[in-house]
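As C-alpha cells, here come the structures.
In what follows, chain A forms one complex with chain B and a second complex with chain C.
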Partner chain A sequence: MNALLAVAQIKGPHLDWAGLSPLIALLGGAVTVLLLGLLRNRLVRRICVPLLTMLVLAAAAGLSIWRWHHAATLVSGALRVDDLSLLLGLVAIAAAAACVLLSLRAAAPAVAGEGEYHALLLSTVSGMVVLLAAQNFVTLFLGFELLSIPLYVLCGSELRRRGSLESGLKYLIVGSVGSATLLYGLALIYGATGSTDFSGVAAALSSGSLASDPLLLTGVALTAAGLCFKCSVAPFHQWTPDVYQGAPTPITAFQAVATKAAAFGIFLRLFDGALINAQPSWGPILAALAAITIIVGNVGALGQSSLKRMLAYSSVAQAGYMLGGVLVSTRLGLQATVFYLAIYLFMNMAAFAVIVARERETGEGDDIAGMVGLGSSRPLLAWPMTLAMLSLAGIPATAGFIGKVYLIDALVDGGYAWLAVVLVVGSMISLAYYLRVVAAMWMRPSAGVAGARPIMAGGSAEAPTATRLSGLEVSVVAALFGAATLVFGIVPSPLLSLARDAGKALTGIF
Partner chain B sequence: MSSVVFFVAAIGVLAGAIGVVVLANPFYSVLALVAHLISLAALFLLLRAEFVAAAQVVVYAGAVMVLYVFVVAYVGGQDQPVRSSGPGLRLIAALFGAALLCELWIAVIGSSLKSLTEHGAPYTPGFGSPSQIGQLLLTRFLEPFEVASFLLLVAAVGAVILARRRRGLGDEDEERLPGFPAISVAEVLSGRVPTGSMAEAAGLGYEVGESAAGTRRQARGGW
Partner chain C sequence: MAIGWYLVVSALIFCIGAGGVLTRRNPLVILLCLELMLNAANLALVAFARMHGGEDGQIFALIVMVVAACEVTVGLGLIVALYRRRLPIDVDELHELQG
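So, the complex of A and B:
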C-alpha cells in the first residue's frame, strides 16, 4: 500500500510550454497537414495543404524568434533551447519553406500524396529541431532518426521514377549504417563515462585521465563516423551524388541545406560541448578528415555534367570547410560554422531553385546544357544562379566570401593554419566547376535557339505547358535567396551578430 | 551457476550471429537469428534486466521474426543465393571487419572498464524493473518517449506511401510516364496519377486487377 502511494506521488517533469512551442507547432502541424491531405478535393490537396504547411512553418519560425535570448533547459534536461539551436532551426525551417514553394507544381507530392509529402517534410524539420536541442544521447538518437526516416521516404517519393526509388533505397541503407555506427559509438561513450547526459559526459571527462581512454576514443570515433555520414564528410560521402541526383529536386535542395545545418549543429553541441575535454585526441583526426573531404569534394565535382551531382560534390567540399570550424573548438570556430551554415542556405537554395526551373522548362533534366544561354533568355534566373555559384566559390562581395574569411580566421586562430591553406587551395580548384556554369549561362548566347529545339521535337503540344509549369514561385525563391547572397555579402553584420549570439550558447569553449 | 549460464548463452549468441551470415538458405538464417535473439535475452536476464529480456523475446524473437519469416516465405529465397558479391569485395569486407574487431578489442581490453575482472557495477534492487523503466519514461525521458511515438507514426506514414507503389507498377501509366517532366497537371486532373489516400492504399492492395483499377479511375474522374 505504501509502495502504491509512493508511486502515485511521482510527478511528471515541469513542461515549459513556451520553450517547447516551436516543436509543438511543427509536430501538431504535421498531424494536421496529414489529416487535411485525406480530403479528396483537388483544391484542398493542391492548394490548402501547401498553404497550411507554410503557415505551420511560419508559426514555428515566429515562435523561434520569440524564444530568441530565452535560453532554457526543457523537460528534465532532455532539450536545451538556446540561440544556437534556434538559429540553426530557423535555417531548417526556411529551407523547408523554400522546399514547399519549389514542390508546388512538382510531381513528387502528387505521386506520394500531398498530405503525406508535406507531413513528412514537417516531421523531418521537427526531427532537426529535436536534434539541434538534444542534451542527452537518447534525445540525440531519436532526433537523428526522426530527421532521417521521413527523408528516406521523401527521397523515394517520386515513386514512378527509377532514379528516385534508387535514391531513397541507397539513402536508407547508407543512412541506417550511419545510424547504427552512431548508436554504437554513443553506447561506448556511455560505457566509458557512465552517463547519457551531455553534462554528465563533460563532467566525467573533466576529471582524471578518462579523456585518453581507448573505450571512450573508440566511441568518439564511431560517433564521429556516424555524424560524418549525415554531413557527407569524406570518406563517408559516396552516397551523396547518387542520392542528390535521384531525389526530387526540391527535396535535394532541402536536404542539402537543412540536414547539414542539423548534423553540424549536433556536431558542435556534442564535440564542442560534451566531448570538449577530449579535443586533443579527436581534433587532429577530424582535421585530416576535413582536408580529405575538401580535396575529394572539389576534385570529384570537376568532371560532373549533371548540376545536381556537381552540387552534391560541392556540398561534400563545403562540409569539409565547415568541419574546420567544428574541430578548432573555439568560440570563433563555432560562430564561423554557424554563419557558414546560414549563408549556405541562401546560396544553395538559389542554385537549386534555378535547377528546378530549368528542369521544368527544358527536356535536359539537370544537365549543364540546360543552362546554356540563360543569361540572355532568362536573366531573372541567370543572376541568382551566377550569384550562388560565385558565392559558393567564395568571390568577394558575396556572402560566401565573408563565410570563408571567417572560417579561415577561425582555423588560423585555432592553430590549424595548414587546414586553412587546404581550404584556399580547394576553393581555387572549385572555381573551375563553378565558373563553368557561369560561363555556360553568359558566354554562349547562340545556344538559346538550340536549347529550345528538343522541346519542339518532343511534341509541340506539350511545349507551352512545360514552359508555363516552371512557375512564378520558383523564380521568387531563386531571386530571394540570390539577393540574400548578395546582401549578406555586402552587409554581413546582421547575420554576424546572430551568429555571435548563437556562439555564446556553448559555455565550455573560449 | 551464473557463469555456466553465461557461457552457454554467449556461445548461443555467437553461433546464432555467425549462422545468420554463413547459412546460405535465408530461412535457416532467420532461424539462426531467432536463436541469437533468445540467447541474447538470456544474457539480459543474467544482467537482471528482466524487462529488456522479456521485450527481446516478445518483440524481436516473436513479432519481428514472424515478419521476417513471412518475407522469406513470400519472396522465396532458395532459387537466388544471397551471397553474390565478388571476391575482391569480400576480401575488403573481411579486412575491414578484422580491423574493426581489433579496434574494439583494444578499446575493451585497454579501457578503464573494471567489470572485466571484477563483478561489475553494483546492483541496486529494482534497477531495470518494468516499474522503474515506466517511471523514467514518464519523468526523465518523457521527451524522448513522446518523440519515439511520433517517430512510429512517421514510419507508418512512410511505409504506406512506399507500399502504394505496388498498385502503380503493373499498369499502363508506368510506360506512359517514365520520367518526371511527362506528368502534367492535366494528367493529375484526369486521375491518372495515383491520388489515393492512406485508407485506399491499405484497402486496395495487390488483388485489384487491371480492369478493376481502370473502372475505379473512370468512376473517380468526375471530381
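So, the complex of A and C:
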C-alpha cells in the first residue's frame, strides 16, 4: 500500500506564480479583509478594512503593470495573461478603488458588515480578472460566476432597504438565466467542435466544414445571448434600469464600468479569438443587435427623471456602440472597443460620484431635481458632471468624442458603415437627455430649492442647508475622473498606445 | 445509443426551465427552474463528453454543479432577507406587548 502511494504521484500543472500574482493578490486580499472585518473594534472596521482593501487593489494594479508586455499562458493553458486582459483588469481594479472611496460613508458597508462588503468586492474583481484571462470554457464559466455571484450579494447589501434587496434578487434571477444560457451555448459549441479550449475550437473551425453546422450555430447564438445579458445589450437589457436604480450607488457605479469591461473583454476573446472563423454567420446578427441596442437605450433614456435609471439606459446605448467594435472583428475594432471601455470608466465614474454626493446632500435621492442649480452652489461637483455628460454624448475635446470617432472609424473600415450612421443618430438622440442634466445644473437658479427642502422628514435642526457636505473623498473621485475625461479628450495618445498594445494580444485578426 | 435523444431531452429540460423562469411568480420556483436550466446544460455536457470520448465535459459538469449550488445559496439568502425585512415589525410589536 505504501509502495503504491509512493508511486502514485500527482502531476500538477506548472504554475507561473509571477503571471498569476495579480489574481493571487486579489484573492488573498479578499480573505484577509474578510478576517479583519471580524474584529469588533469599530475603528478597525471603519478605517482599516477600506484601507487594506485599497492596499490590495493597489498591489494588484502594481503587479498588473509589472506583468505588462509579459504575455504568458498559465495553468496548462487555462488562462492567458496578456496586455488585453491586464488593461481591462486595470479598468476593473480602478473602478473597484473608486467604489471603495465612494462607499466610505455609505450605508451599505455599515449594514452588511465592512469586512464582508469589501471581501465581496475583491472577489468580484478577481472574477473579472479570471474571466478576462480565460482560455477555455471551464475558466470562462468559473470567472463569469465568480464575477456575478458576489455582485448579486453586493446589489442586495443594503439589507434594510427593500429596493436594494429587490435589485439583488432581480439581478440574481436575470443573471442566472444569462449564465445558464451561456453555459448551454458553451456545451453545444463543445459538442460541435469536441474541444473546450479556445485554441481547439478555433482549430476545429478553421477547416470550414463546421461553418454551417446547426449545433455550432445554435451554440454560438446561445453564448452570444448569455454574454449580452451581462453586457446589457437589447433585448436582454430589461434588468439594467431596475438593478442600477435599486443597488447602492457606489456598487452601481462599480458594476456599470467593471462588469462591462469584463464582459466585453471575454466577448472579444471568444468571438474575435476562438470563433473568428464563424464571423460571417454571427457578424450580421450582432450588428442587428447593436443597432437595436443603440436605439432602445437612447430612446429609453429620454423619459427618465431618475439619474441612475437614465445612466442605466445610457449604458445600454453605450453597450451598443461597443458591440460595434466587437463585431467588425478587425484589429482596429478591437482597439476601439478597449479604448472605449477605458474612457467609459472615467466618464461614468465621474457621473456616479456626483450622484453619490447629491444623494447624501439633498433629500431628492438620485432625481434630476437634485442637480438643479448645482453650477452656482457646488461648481466643484457640477464641472465633473458636466464633463461626464458631454463626454458620454461625444462632444469634441472630451474623451468620449475620441472614443466614438475611433469606433466609427472601425465600423466604416470593417464594412458596417450603416451601423456607424446608426451610432451617430443615436448620439444625436442622446444629446437630448445628457444636455437636460447640464441645463438643470447651470441654467436654473438654486436659491430656494437647495435650502428650502428638508433634508429628512422630521430631520434634526443641524441640517438646515446644503452645507451637509458629502465628504471630501467623493469630490476627489468626481474631480479626478472628470479631469481624466478632459485630459484624455485633449491628449488621447497615451491611452491610445495602451489600447494598441492590448489590441496586439489576439493573433487571429487583422 | 444515438446522441440525438440525449440532446432532445436536454433541450426539453432547458426549455421547461426557461419557461418556468418566465412565467412563474414565486422566487423559490424560479430558483428551481434555474437549476433545471443548468442541469440541462450538464446533461448535454456529459452526453457530448461520452460522444467525444474525453473527460473535459464531465469535469465541466462537476464544476457547474458546484457553481449552481453557490448560486442557489445566494438566491435563498436573498429571499430569506426579503422575508425577514417584513418580520422585525411584527417581532418588535411582540416585544412591546410583553412589556
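Note that the second predicted complex is superposed on the first by the 482 of 510 C-alpha atoms of A that agree within 3 Å, B and C clash if a C-alpha of one lies under 4 Å from a C-alpha of the other, contacts with A are read in each partner's own complex, and residues count from 1 in each chain.
Heads up, the rule we're going with is that a residue touches a chain if its C-beta (ideal position, glycine included) is under 8 Å from a C-beta of that chain, and two chains touch if they have at least 3 such contacts.
Model, not experiment: these values are computed from the prediction.
*Asks:* Counting only touches as set out at the top, which of chain B and chain C does A:Phe267 meet: first, second, both, neither?
*Replies:* Touch status of A:Phe267: no partner.
*Asks:* What is the contact status of A:Trp383 with respect to chain B (first) and chain C (second): first, second, both, or neither?
*Replies:* neither
*Asks:* Between chain C and chain B, which one touches more residues of chain A when both complexes sit on the common chain A?
*Replies:* Partner touching more chain A residues in the overlay: B.
*Asks:* By the touch definition at the top of the document, which applies to A:Tyr344: first (chain B), second (chain C), both, or neither?
*Replies:* The answer is neither, since A:Tyr344 touches no partner chain.
*Asks:* Considering only touches as defined above, state whether A:Tyr406 meets chain B (first), chain C (second), both or neither.
*Replies:* Once the two structures are laid over each other on A, A:Tyr406 reaches no partner at all.
*Asks:* Of the two partner chains, chain B (first) and chain C (second), which one does A:Val138 touch, if any: first, second, both, or neither?
*Replies:* both
*Asks:* With the two complexes superposed on chain A, say which partner A:Trp239 touches: chain B (first), chain C (second), both, or neither.
*Replies:* neither
*Asks:* Between chain B and chain C, whom does A:Ser195 touch in the aligned arrangement: first, second, both, or neither?
*Replies:* A:Ser195: touches chain C, not chain B.
*Asks:* Touch test for A:Leu159: chain B only (first), chain C only (second), both, or neither?
*Replies:* both
*Asks:* Check the residue A:Ile149 against both partner chains and state whether it touches chain B (first), chain C (second), both, or neither.
*Replies:* A:Ile149 contacts both chain B and chain C.
*Asks:* Determine where on chain A the residues touched by chain B overlap those touched by chain C, and list them.
*Replies:* The answer is residues 138, 142, 145, 149, 152-153, 156, 159-160, 165, 168, 188, 191 of chain A.
*Asks:* Can you list the chain C residues touching chain A in their complex?
*Replies:* So the residues of chain C in touch with chain A come to 3, 7, 14, 17-18, 21, 27, 30-31, 34, 37-38, 40-41, 44-45, 47-48, 51-52, 54, 56-57, 59-60, 63-64, 67, 70-71, 74-75, 77-79, 81-82, 85.
*Asks:* Residues of chain B touching chain A in their complex?
*Replies:* 103-104, 106-108, 110-113, 131, 135, 138-144, 147-148, 150-151, 153-155, 157-158, 160-162, 164-165, 168, 173-174, 177-181, 183-186, 188-189, 193-199, 223
*Asks:* Please output the residues of chain A touching chain C within their complex, sorted ascending.
*Replies:* So the residues of chain A touching chain C come out as 137-138, 141-142, 145, 149, 152-153, 156, 159-160, 162, 165-166, 168-169, 172-173, 176-177, 179-181, 183-184, 186-188, 190-191, 194-196.
*Asks:* Could you pull out which chain A residues touch chain B in their complex?
*Replies:* Of all residues in chain A, those touching chain B are 7, 10-13, 27, 30-31, 34, 37-38, 40-42, 45, 74-79, 105-107, 110-113, 115-117, 119-120, 123, 126, 130, 138-139, 142-143, 145-146, 149-150, 152-153, 156-161, 165, 168, 188, 191-192, 210, 213-219, 221, 248, 359-360, 363, 462, 465-466, 469.
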